[in-house]
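First, the structure itself, so that you have it in front of you.
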């Protein structure tokens, strides 16, 4: 921690500050500049609240010099984390596509879509059984029945399964039916949920919250890693800003930013980020061009009848076209799909 | 729902749109302006996803004309909701003050603070036993032990108790030890948690999420109301914006906005909104001046040793001064405290 | 304009509202739904302040149904605007690259960079002579001398020139030395400046402000178009959000959004959007993949000595690599470069 | 400047970094912690772009330790700036009220409103003659004629005048007719305009831009101060966030923040911040309670006919009530009005 003192501070004040820092168990060294005195406070306190120093009389600014997360950091692990699930590797050279409906609605729907998705070349089937809906009056998902249908549809088409978990008590259900457990954006800081999946052996995909900085996302990943589960995939799906033409603002720059700060794979979800069908294709191309390790796409055979998120779901033909285009873009940056 | 069609749209397209609307079970009426045709679609679909119409060929804009929430709305209930808990009424003429430490740390601490808070005139003791912390390495609260201490300290000083719930399985613990269950900002859209407190008889205080519009907050309140619990208190505690000098941006305008749109009481939390001790007093005055039904303040006897949020906690003397000042401001707007 | 009235509104109130609307010179038609009454107000008032109706007693919501801009709108002109300047066409099939230093610093610098930029295949040379700097103590540009050097360096390398205008009185200088006049993000709503370039015959590139919605950007373009200059290029360069890892948040989704709403070409500037050299290349790829009609890139031969924005400028080799990569991405979407 | 190096950095890299810092004319001192090495770079470079160091190989983080502004800073001048204009002092113990219409429309209007404003106890008359309007088709103000009417109406009622300047060439007009020159939010970073008023002897009120951090606002004030005009008043009028119920988000916390960082007076404008008439009164109370040195309020005798911003203008009776209430609130914090 670096502490900048106020200009022309009295010597007694400096001594009080140093004394307090020592009580916080830091070792302090002092350096005097032309205009201002700077203190360095050294000690292993990854979670020390720096505001405790900021409020001391005579302190102008305080800077933390260590990252608040450790296991998620690129400086902790230089090599990319690669997560192997059956024939799929997330975080390797291949870009993986997760596709399917927002929610599992019935057997016919999920089997039809699974086939479409598989034929177009995707390897991972998405579909919600527990749905976090803004309104209590909206369709809340089929629950375990939905998970069973999803698994069957995936197995028939040799796909692996990703589905969302909403509360700790359902973690065993997800472990049984899914290959990847998704934590949604609204639950990114639901810490009991993060601890629950941290104790699981199933890989987890953690979506960035609407108001989360990249650092917050990595701190939430740290919860899962620190609880014992090393297989965490991050997902950029748009942040909330003043621009309302798209549902959220798709922060594509977060992709190379995360690749620099962390060894964890990062997937992008243009369907939720934009919320509009005709923006999904260009934004999927952009995410792949920016270096995403995978993309997540909502696909529906009858979007006008979808119980959830139909308007942002691609039609089967549009999805096939998307797969074709991103395959070509992947090549430009020496990746394959 | 009002649907504005594109200029110069062909008659066949209009007919297709009307047909689709009728399939969605709306009754449609059409009116023709100088430049554009507008369709009115009527039907009771509070949760209909208007984007389903926006993606139809020939549609320029779509506006929902009914609010997506009902029970929380001022048009559903004209009279203010008043929540009576022992000798306290939240939402009435009296402005209520909730004060105490961020976290219950030990017996001595909570008993000392409870006495300070009570002597200064507050009626509600706050204190966390389950703490949502950004870092997995930070103090996570004392759990049930903390709740017990909090209850005892409150009872001794004739205070009522508010404390935070983080997961559905602890709802009975909170019911046992607390008079008001707090749902934190990070859990504002943790829907299983909202349903759990919705089934409780204990009043709930729901904090606004960092990225939540007023409408989102009211939708989350709707979850609790629709599950059967009518005693919901809302709480403004700052939203996330580009300004970083304060921890969050305290959206004080939300107070009169919510009073207009909803009958539920609204409390303001300047401690979390600003995150800096010397900003708490002016912002508490501002919130009361804007019409808040209560304020929540962090107070600590030894903030430099606090295990959580010390730098934003008021010292006992500062809190006494705050009580004095807001009492005078309450008078200006014909309220008492 | 569509006006939704409050539920259970008295007939007299409705009549007062209709009377007021007629005084505002609207013709009004009324339609009655199950729960609410909706009024349509028709008349040609593109700039009518709809809040005038929102404050009327008994009005619940008001929606404007006509776009506030006209000349900039896709519904006014279906065909893409193509701007021809010498051998360059902006808004056509070819993606154009504008590259060069943030500021013209001296003859040697601008001639060296112009050659690098030209050899790598770009056709447009950028370089500031009047610099909008946050601090009054920073380098403010060489003024006319800078423009002269820029022109000479461009001519020698058969490039065309884009440079920024900061005040109306310099418009003739820019017309003399530049082929495209740039209006910077901070001046997006400097209306006298917009009118000044609106009266010019030189094409204008208008950058999106830090807090500007797409609609605001199009309204500012409307100022230029309405003043008589049809040659407007828009530029996305990042908006301000809570995320601070990158300098701004690059809103790439604005590219397809603008293509849908307007016929004007849209260029993207990843250098200013990200503010970090190693993020420029992936974000340039992403912008091209999303459909940008051009990109603007800062390039410097000695970025560590640059008087402005060195840290976000590409080194010559990096720029050459960028040109190579985006050429391949352009092909994927059937465009060339 | 404090530079934190990467963990386990090689000695040669450190030497290269130090050499580069010395070339930037800093004197460097080095301190070694348990995990990381920190460099202090000392030298008088208030506008040095710290990103130049951030891009160096081996650098993890860089912190500026000196504020980028000087003349505007509280550390430069401890005492509050008090600006005396005739019988008015802005920045002293008295809270000043600036009131009047958004735009001067005609003689009758401005004389009527000036009388209302004066009778209610305000001392400063506001009114726009040059109007920055989002749409080129909206009323753009009466220009010099408007300024003349404003002056006459003010003189008749013993008020002083504030009015907005939009371009450098009109500065003499404003000096002639107004006592305070207003720079609007959209022009906060219009640097030629800031320099122009910096050379004037007339006091200036500088409004915070929609996307401006407090620090940006102070940097823009620095432009005016550095150009020679010491009489700068700041104005908080709302920032742009994701919340759209109010026109902007009124960042009232900026008031105590600015009082701590700067000696300049700070005024608040609840009319523009909220954009809705019935929110102006509670927000004016809140701003005064938070410590604002003045407030700016739009008042109109016939708001439904106003050519600009009628919906956020108070009716005469509402303004009289506002004056009464804020007078009482001022007393609570030992100020008068």
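Which chain is which? They are A, B, C and D, in the order written, and residues in each are numbered from 1.
In this section, contacts are C-beta pairs under 8 Å (C-beta built on N, C-alpha and C of every residue); 3 or more make two chains touch, one makes a residue touch a chain.
Values in this document were obtained by computation on a predicted structure and should not be read as measured data.
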Self-check item: Other chains in touch with both chain A and chain B
Solution: C, D
Quiz prompt | Chain whose average C-alpha position is farthest from chain B's own | solution = C
Quiz prompt | Between the pairs A-C and A-D, the one where more C-beta pairs touch | solution = A-C
Quiz item: What whole-number Å value describes the gap between the mean CA coordinates of chain C and chain D?
Solution: 26
Quiz prompt | Centre-of-Cα separation between chain D and chain A, whole angstrom | solution = 38
Quiz item: Can you give the whole-Å distance between the Cα centres of chain A and chain C?
Solution: 31
Quiz item: Hey, what residues on chain D touch two or more of the other chains?
Solution: 211, 239-242, 244
Exercise. Please give the residue numbers of chain B that touch chain A in the complex, ascending.
Key: 20, 46-47, 49, 51-52, 54-55, 68-69, 132-138, 166-169, 186-187, 189-193, 195, 209-211, 216, 219, 222-223, 226-227, 239-240, 275-277, 303-304, 308-312
Quiz item: What residues of chain A sit close enough to touch chain C in their complex?
Solution: 211, 213-215, 239, 241-246, 249-257, 260, 273-274, 278-279, 282-283, 285-291, 325, 328-329, 332-333
Self-check item: Residues on chain A engaged by chain D in the complex (per definition of touch)
Solution: 2, 4, 6-7, 29, 31, 33-36, 38, 40, 42-44, 60-61, 63, 65-66, 75, 240-242, 244
